[in-house]
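Okay, got some structures for you below.
Both of the next two complexes hold chain A, though its partner changes from chain B to chain C.
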Partner chain A sequence: MKFQLPYSGLQWSDLPFLLTGIFHTILLTVVAAAIGTVIGIILGWLRESSVVARYILAIYVDMTRSVPLIIQFILVNSVFSLAGLALDPFVVGVIVLSLYMGVLTSELVRSGLQSVRPELKKASRSLGMNYWQELFHVSGPLALRTSFPSWVGTVIALAKDTSLVGVVGYVDILRATQILINRTNEALLMLGVTGLFYFLICYPISLYSRRLERTLQ
Partner chain B sequence: MIEIKNVRKSFGPIEVIKGVDLTIEKGEVLCLIGASGSGKSTLLQCINGLEPINGGQIVVDGVDVHGRKTDLNKLRQKLGIVFQQYNAFPHLTALENVALAPRIVKKASKADAMKLATEHLEYVGLSSRANMRPASLSGGQQQRLAIARALAMKPTYMLFDEVTSALDPELVGEVLDTMRKLKSAGMTMVVVTHDIAFARETGDRVAFFDRGTICEVGQSRQVINEPREERTRQFLQRVLN
Partner chain C sequence: MFGYTFFWSLVWDKLPELLEGAKLTLEITILSMIVGTTIALPLALMRRQATGPGYRFATAWVELARNTPALFQIYMGYFGLGAFGLQLSSFLATFIALSFNNAGYLAETFRGGLNAVPPQQFSAARSLGMSSLRAYMHVVFPQVFRIVFFPYVNQLNWALLNSSLGSIVGLRELTGATQAAQSESFRTFEFFIVTAAIYYLMAKVVEISARLTFWRLFRS
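Let's look at the complex of A and B:
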């Protein structure tokens, strides 16, 4: 059976294509957020605890933060291509977005750690805790409480930023939508539906974080 | 015994402790008095190794606090310290605050640590507040919590750094009572205080700090009631009037 809206070429068979796009967006968000968060925690801690690391990492941090993501996608893709390594578009997406997420998370980790009163660290050390015990049991949990809400905001922004990965050929939900618009000419309908899907991905993250935030407080 | 030998300490170009000698015997309560900025609190933090020193030596039970090979984390378990600003861990309940260090530093089991924490909260009169976060406690209660937390590590010495200075006047008494209770239990204490009456009544000896040096040290009643040094007399007159 052929399903057809008036004046559109949309078909039921387009649905799996669209669903694959949604899956790709979610997959890229989850993988980049996970890797980026790990990078960000290590980076944030390094930048907070060592002046040398802060200077060495400044180039990476400032470049990643200042250059538009879309250019980063194209640059990374091109550099690897020139080097003879044709990376899968998904891998390019993961590399760029993880590094980007890493920088943003490192800022949050840093500000979280800075928000811990130095007296609390002193009190911990005075009880015989070593550096790591203090970090894991006092500074870390306190920094987490401070940084968590902003981190969720960053993940939501990341979910939306995945839409730029289409420039290197990865068919995420927006790229899939664009392909369908080209064929069907149903820009408003398709973009409306895609916007709704982004909302359905991002809103639960936001809801869940509010609950988790309450538990943490 | 804590032996402080010709200790010097600078913050940048400013020398805040200019060669201090002092010995604290086991079981005694020594009060350090003097104007703000005279170096009392800094000396206390040097005893605990929280601040490095620039000269001299501090020896606790034969161990050089600032020695290169000294295991400071181990030594600090002997030296409980309570700060002016309470510094209770805000993300933990009162019970968890006290149980944390025994659990992770002394590797006590969770059950043992909780039992120990319960006992110490009871000692400072906070049993009914065990499951509250510090934010829900008054200043005096937070300070008693800080005392319980330090005591749970079973220290040989307790250092008190102006523990009542940040408290509302009506809350001072409960903290001082806890300290008196500790003295009667035979705890060795070094107390930095602005509370001259407490120093006179509870201290065995009093040392008067002035601009980074110890100007006078002696039996508490003698130093406070009949100071030998003119500078001590002037300070006490200023404070007591």
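Let's look at the complex of A and C:
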């Protein structure tokens, strides 16, 4: 008898599976972007305002940026299993991606705060504002204005990077596609749909970010 | 909580395999950067035309490369091209996908650099009797080179880190070699900490040598 691989074509029942993958990708992007932005604002402010924090964080920032994300996923995953904690792949994804997003955002926040002219800060302080009032009403809004377009670009990069979380077992859209390809052999069709999904999300946002950059200049 | 004993000796035994993988990582990074640069230059020039089929082709390339994940591009090379009867090895698939990706990003970098050189310089060179090619070679490109130097190095670093995605389609570069080496003992943490350190070192070497090169070339 000839050996035959179990094979079945695409079915309509695969659609919910794909949609779940899409939902997972979007969920991970939104959660990691939200937490990462908060981390990034705090880190960026620390790096700008304290010399000690700048040197300590420089090492952390440097390492996060020079080690591939796949390896960061695997390491975080294995650290928690060494500690005897079985983490959900989603949580591993959120931890790694929001720390990564935090590092990228902190660079933007820092350069945004640096771009505020010192005269403005002095003027606000001599009007009787305290440090926090000056930060929230003068420096903050100005920094936000300069760094917002690049922040949008960072979110797009994050959305693309969520595709790597498959290595720790989270079934995002790309992982779901790969599973379906293994079963059905419809590689081109499946990848076409997935590619279109990423493109339709990332392209409009990147156009918006570029336009924003031009209008703000 | 941490009732765990580390076994570093297992990693040292496998270190030659890891270094072999690191060599493949460097090879694929450098090759894909060379091919990417070669394609990016004409793409950048086509993008500057702002109309015509060349512009549309270059724009499609750039936007596709920048707005889809690199892992998707590798899958496209590995699984997707199979539909056309092209069965690529994991090395070729990763290499082609990374070159495609590098070309897309570098084309935008080069375009930015070209836009930063005032157009009068090109006109002046032309009116001195230089041919278009010579004007680009001797007047425009040397200035562009200086502007795009650090963005280019960033891309090189990025390609180095992105080559780790090849492991997902079975390439035995540094990440793939580590995965294979740790599968005998499942000492995942020890192995990947060492691999992370190797990546960090490679990225640092690239960064420091880039700084030295820049200083040597443009220290005026």
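The definition used in the following text is that the second predicted complex is superposed on the first by the 194 of 217 C-alpha atoms of A that agree within 3 Å, B and C clash if a C-alpha of one lies under 4 Å from a C-alpha of the other, contacts with A are read in each partner's own complex, and residues count from 1 in each chain.
Simple rule for what comes next: contacts are C-beta pairs under 8 Å (C-beta built on N, C-alpha and C of every residue); 3 or more make two chains touch, one makes a residue touch a chain.
Predicted model, so just to flag it, every value in this text is computed and none were measured.
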{"item": "Partner chain in contact with A:126 - chain B first, chain C second, else both or neither", "value": "first"}
{"item": "Touched partner set for A:94, first chain B, second chain C, both or neither", "value": "neither"}
{"item": "Touched partner set for A:160, first chain B, second chain C, both or neither", "value": "second"}
{"item": "Touched partner set for A:187, first chain B, second chain C, both or neither", "value": "second"}
{"item": "Partner chain(s) touched by A:176 [first = chain B, second = chain C, both, neither]", "value": "neither"}
{"item": "Partner chain(s) touched by A:83 [first = chain B, second = chain C, both, neither]", "value": "second"}
{"item": "Of chain B and chain C, the chain that contacts the larger number of chain A residues", "value": "C"}
{"item": "Contacts of A:63 with chain B and chain C, given as first, second, both or neither", "value": "second"}
{"item": "First, second, both or neither for A:203, with chain B first and chain C second", "value": "second"}
{"item": "Complex contacts: residues of chain A adjacent to chain C", "value": "63, 65-72, 74-75, 77-79, 81-84, 156, 160-161, 163-164, 166-167, 174, 177-178, 181, 187-188, 191, 194-195, 198-199, 202-203, 206"}
{"item": "In the complex with chain A, residue positions of chain B that touch it", "value": "45, 48, 50, 73-74, 76-77, 79-81, 83, 85, 87, 89-91, 100-101, 104-106, 146, 149-150, 153"}
{"item": "Residue numbers on chain A that touch chain B, as the complex places them", "value": "117, 119-120, 122-130, 133, 137-138, 141-142, 145"}
{"item": "Chain A contact footprint on chain C (complex, rising order)", "value": "1-4, 63-64, 66-72, 75-76, 79-80, 82-83, 157, 161-162, 164-165, 167-168, 175, 188-189, 192-193, 195-196, 199-200, 203-204"}
